[in-house]
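Shared chain: chain A. Partners: chain B in the first complex, chain C in the second.
Here is the complex of A and B:
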C-alpha cells in the first residue's frame, strides 16, 4: 500500500500515540532488555517434525517488548520492510494492549502476517534498520516476534474479520499455483469483486509454506486459517490440476478466464553436476522435504517412507539446507551435517535457523565443498569426497569468492545426502505458453512493479519471476499484480477509465 | 605438438580457434528448443567473435601487455562432469559449465605451448593468449558463482 511520509507523520501525532510517547521516557525504554522468544527444549523438539520450536510471546512479554520501540519520527525500520508495513503503528497498538488493532494494521499491507512473523529474515530487513541497531548498537526491537504475536492473537481470538468485498463483477480470473504469492493475489482480487479460481498441481494448497517449510517452523494450521479465510471470501481452490498438462492456458481461456496470474514458484531442484551425484541415497531437498511435510514420511508406518540414515550430509547453507538437516535429525540421524562452500557469515539462512540447528546438535562443515560421491557395490552412496576452500581476495564487486585448496581433500561417511544448492523456476508454464518472454534463467519476464508479462492478460510474480526469493517478496508481487490487473481488466471489460 | 613458424602463425592459429568456438556456439544455438537458450549461445558466439577481433588487431600491430598479476582461478569447472552437447534442452547452468570448461582447455593449451617453446617472443604471445582465456573463464565462473551457486 502506498503511503505518504505525511500520512505516517500524522498517524504518529494521533492523541493515543502522543500519550504513549509521553508515558515512558526514552531512557527507560532503552533499559528494557530485548525479549527472548520462549522455545521448546532442543532434546524434546528433535523427537518430532511437528513440535514448533518458537512458542510465541505472552501478552505481557509482547507489551513490554513493544515499549522498547521509540516510535521514531523517522521510522527507518519501515524502509527495511519490502512491503513497508507501518511498523511503529502496529507495535504501539501492542504497547497499549489493542492487539486486534495491531493485527489489522499488519493486514493493511501483508496478507500473511502470521507466516511472515515466523519466516521473514527480519535481521536483514526491518530489524537491521531499527533505531537500536543503527544508533545505539543494541539488539533491535523484536519486530518479527511482535508481528507473530499480533497475528496469532487475532487468529486464536476467533475474531478474524472477513474484509468487505466489492460487488461481484463476474470476470473470471485464474491463478496458477497456490504459494504465498498466489494467495495474496487471490485475496486482493476477490476483494475487488473478481471470480477467482486457484489451480494447484499438488494435493495441498500453500506451495512452499506447506511442502517446503517444516511444521517445526511454520505449523500447517497457521497457513490453513489463511486459506480458509480466502475460501470464505469466495476463492475457489482446485487441487491436483497442473496448468500446461491437465489443461493448457488456452483451454482455460476458452472456459472464460479473462486473465491469469502465474505464481508457479521455483520448485525445480538444482544439482551440482559432480561425479557420482546420481547414486542412490542422494536426493534433492525438495523431494526430501516434500516427502516428509506433505506425505507424512516421518511417521513410522508411512506408506511413502523417506530414506533414513545414520549419517546424513546436507549440502548448502540456505533455509532449505537448514530445514533439511534439522528434518534429518528429527528422523533419527545420529549425525546430521551441513557441508557449505562459503563461510558461516555468508550463509543465506536466517540466523535464527542456524542458531536453532546448532542447539539441536547439527554439525557444520563450512568452507568445505563436495567434489565427488562414492557409492557402494549396490550403487548406494557411502561417502562424500570434499575439499576445503579458502576465501580469495575481494574482487571488483567486493566479494570474496571461495577457492579450493588443492590437496585438502578428505572423505565423509554418508548414508543419505540431501542436495540443497538452490532451485530453478518450474519450467512448465515458461516452456508451454507461446509468446511468453522468458529469461535465460527460466524466469518469466515482467514489467517491473506492474508484474505484467509479454502477454497482456498474463501477470506473474514470486519465485517464477525472481528465482528463489522470499515469502514477503512473493507476497508483495501478488499484491502489485492484483492492483495492476484490476486496472487492465476494468479498462478492457468494464469500460472504466482508471487513474494510473 | 603443433609446429609454429612465426608469431603470425601463432596468432592465425588462435584466431582460427576463436572462430571455431564461435561456430560451435552458433550450432548449439540452432539446436536449442528454447528461445532464451538460443539467445544465450548466440551471445557466447558473439563473445568469441569479439575475442577473434581482438587477436586480429594484435596481428595487425596493436600493442599488447601481459598483466603481472595472475588471473584468479576459481576452479569451479574443474570438478564438474561434462555436459552432453547432443541434447537440445541444455539449461543455463549447463551452458555455463560448458563455457567454463571450453575456456579452461584453451587456457591449458596455450599454457602448455608457452612451456614447450624456447623462443622468448613466441612464449610471450602464448602467455598473452593463455591470460586472455583465463579472463574469459573467470567471467563465466563469476556468473556461475553469482547465479548458480546461490542457495535459498
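Here is the complex of A and C:
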C-alpha cells in the first residue's frame, strides 16, 4: 500500500519514538550482533514433518534485536516490502515492549503477519533494503523474525483484536479460491461491510499455505487461527465448491453476487517432457506435497498412500523443491538430493531454506539437469540420467543461462523422483468465463494497481495474475483489489440506492 | 449436505449409493465424475456420476470395493454423511447423433457407461450395448441399460449368464453384422485396450474413459497423467475420455499399479 511520506515522518516524531531514539546511541545499536533464530536440532526435526524448524525468538531476544534498528529517517526497508509495512514503527514497539501494539501495526497492512514472518524471502525484500545492508554492509535487522515474534505473541496471548467492521451494506461478493490472496481480500472486504463468501475447490481452506508449504515451516495451526478470525468477522467459507464446475460465475450472479475476486492460484504443475517421465515413482512436487501436507500421508493412520524411497531425487531449485526434498528426508529417505541446472547462486529458494536443507543432510547436485529416466521391469523409476551444465550469458530472467555440456552424462540411482520445475496458472477459471482476457501464459489480465479484469465486476490477483510468485505479493494484490472493488461497488450500487 | 438417502447392494462387491448433492445433480453431464472423501483421515477417491435426480437433488454413484477407501464408503449406511463430495469434474462426453453407437462396459465400468448410453439414446442414436463381466453376479445395471438400448448383448467369461466369451468377441460379431459409426468403451484398462485394438482394425472412432489414479481431480497434481497421441494429458481435466486409438494403454496400466504396495499396506492395516 502506498503510504504518504508525511505520515511516516509524523509517526516517527511521536513522543515515544523520539524517547527511544534518544535512549540508545546509534553506535551502541550497531555493536549488537544480529540475533540467531533458535532452531530445532536437525537430527531431531527430520524425524517428523510436524516439528517446526524455527522456534521463534524469546521476548528478550526480540527486544535486543529491535534495539539494533536505527529508526531511520528514511526507512528504505519499507520500500523493499511489497505491502509497505511500517517496519520501524512495529519494531520500535517491540523495543519498548509493547508487543500487542507491534502486532496491530503489522495488521494495518498485512492480513497474515505470522505467515509472512515465516515465509517471506526477506533477504531479497525488506531486509535487503535495510540500512545495515545498504550502508554498513552488515547483516540486516532481522525484520522477518521480529514480524513473526509480534504476530505469534498476539496469537498466543489469546488477545487477538477483531478489527472494527463497518455496518453491513448487504452487497454480496464471491471469492474464488482460498489462498493468501483471497484471504487478505476477504478480510478487507468484510471490514468494509460486504457480505463475503469464499469458495474453495479443495476440502481445506488456505491454498498453498495448507497443501504446499510443509508444517515444519508453517504450522497449519498458525494459518487456522487467521481463518477462524475471518470466520468470526463474518466471512463464509464454502469448501468442495469449484467455481466454473459446481456452479458457473453466471449462476452465482443469479444468486445475487455482485462482484468476484479470482485468487485461484498457479496450480498446474509443469513437467519437463523428457523420456521416461511418466514412469511410476516420478511425481510432481504438487502431488508429493499434497499427499503429505493436505492428506497427512506421512501418518500411519491416513488412508492416502505416499511413496517412500531410499534414494529420492528432487529436480528444481525453488522453495517447492526445497520443501519436497526436506519432506523426503522426513519420510525416511537415506539419500535425498537436489538436482538443479544452474548454480546455487541462482537458486530461487529462500536462503534460509537452502541452509536448513544442508543442515539436514540434503545433497546438492547443481549444474546438472535430468535428460532421461530409466525404469525397471515393473515400470518403476530406478535411475536418472543427468547431464552436466555450464553457465552462459544472462537470460530474460537476468540469471545466467545453463548450457549443456556434451558427453557429460551420467546416472544417479533414484526410487522416487519429484519434479519441481514450476507451475502454470490454474486454467479452470480462464477456461470457464467468457469475455475474460487471458495472456499468452494463461494468466488473467488486469488493470495494474486496480486488479480489475476485462469484465468490470471480476477482479483477480495472486498467482493467477502473476504466475508463480510469493505469499506477500499475493496478499498485496488482494488488498489492492479490495480497495478498488469497494470503489466500484459503492459507485455502482450504493449511490443508486441513495437516489431511489 | 452429502447425506446418503438410499443404498443397494448389487453384489457382495458392488454397491449403489444415492447421495444428496443438489448443485452437482443440476450441473452434471454424462461423463462427469465426483471426488469423495470418507472420514477426516480419508483419501480422495474419484467416482463417476452414474445418474442424477435434479428434483430430489441427488446423485447416484456405484462403487466397487477395491481397497480401504472404497470399502469405507460402502460401509456407510443410509442417513450417514459423506465427509467431502466435490464435482462435477472432468469434461463431459461429447454426444451427437451419429447413427449407430456401440457401447461396451466391463465390470463396474457399466456404471459410468449408463449415463452415456442414456445420452446417446436421447440424442436419437441406435444404441447397441455389450455388457461384460467375469460371471453372472458381476453384471450390474442390466435393466437400466436395457431401457436405453436398442439391443443388449451380455458376455461372461465363464458363461454363467448371457454368452460365454470375451467382450471383443461379441463386439466383432456386431461390427461385422452392421455399420457402427462410433464406439465407447469403459471398463478395466486391459479390456479397453483390446476393444481399441479391435475397433482400430475396423476404423471406428472410439472413446475410452480412463480411471487413472487421482488426488485432487482439478489439474493440480498430475497423478492422473496419461500419454495420448504421444503427449502427456491429465485425465481429470483433459479427460476422462480420450480417443482410444491414441491412448498408451500399457503405460496407463503400469501407472495404475504405481501405489500398489502402499495401498496393500493400508488395506492390511485397515483389516487388522
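Things worth noting here:
Just so it is clear, the second predicted complex is superposed on the first by the 485 of 500 C-alpha atoms of A that agree within 3 Å, B and C clash if a C-alpha of one lies under 4 Å from a C-alpha of the other, contacts with A are read in each partner's own complex, and residues count from 1 in each chain.
By definition in this document, contacts are C-beta pairs under 8 Å (C-beta built on N, C-alpha and C of every residue); 3 or more make two chains touch, one makes a residue touch a chain.
Not measured: the values here are computed from a predicted model.
When both complexes are superposed on chain A, chain B and chain C sit side by side without a clash. Touch criterion not met for A:475: it reaches neither chain B nor chain C. Of the two partner chains placed by the overlay, only chain B lies in contact with A:372; chain C stays clear of it.
Taking the Cα centre of chain A as vertex, the centres of chain B and chain C in the superposed model span 70°, given to the nearest 10.
In the superposed model, A:439 makes contact with chain B only, not with chain C.
When both complexes are overlaid on chain A, the residue A:201 reaches chain C alone and has no touch with chain B.
Within the superposed three-chain model, A:273 lies in touch with chain B and with chain C [touch as defined at top]. Once the two complexes are laid over each other on the shared chain, residue contacts for A:240 go to chain C alone; chain B is not touched. In the superposition on chain A, contact of A:403 is made with chain B only, not with chain C. In the superposition on chain A, contact is made by A:281 with chain C only, not with chain B. The least CA distance from chain B to chain C in the superposed model is 6 Å.
In the superposition on chain A, the residues of chain A contacting both chain B and chain C are 273, 277. Residue ranges of chain C in contact with chain A, taken from their complex: 23-24, 27, 37, 39, 41-44, 68-69, 72, 83-89, 215-216, 218-223, 225-227, 232, 237, 251, 254-255, 257-259, 262-263, 265-266, 269-270. Contact residues on chain A toward chain C in their complex (touch as defined above): 201-203, 239-242, 245-247, 267-269, 271, 273, 277-281, 283-284, 286-287, 290-291, 295-296, 299-307, 378-380, 426-428.
Those residues of chain A that touch chain B in the complex are listed here as 270, 272-275, 277, 316-321, 340-341, 348, 371-372, 387, 392-393, 395, 397, 401-404, 420-424, 431, 438-442, 467-469. In the complex of the two chains, the chain B residues touching chain A come out as 34-37, 39-40, 72-75, 78-81, 83, 91-95, 97, 142, 145, 147-152.
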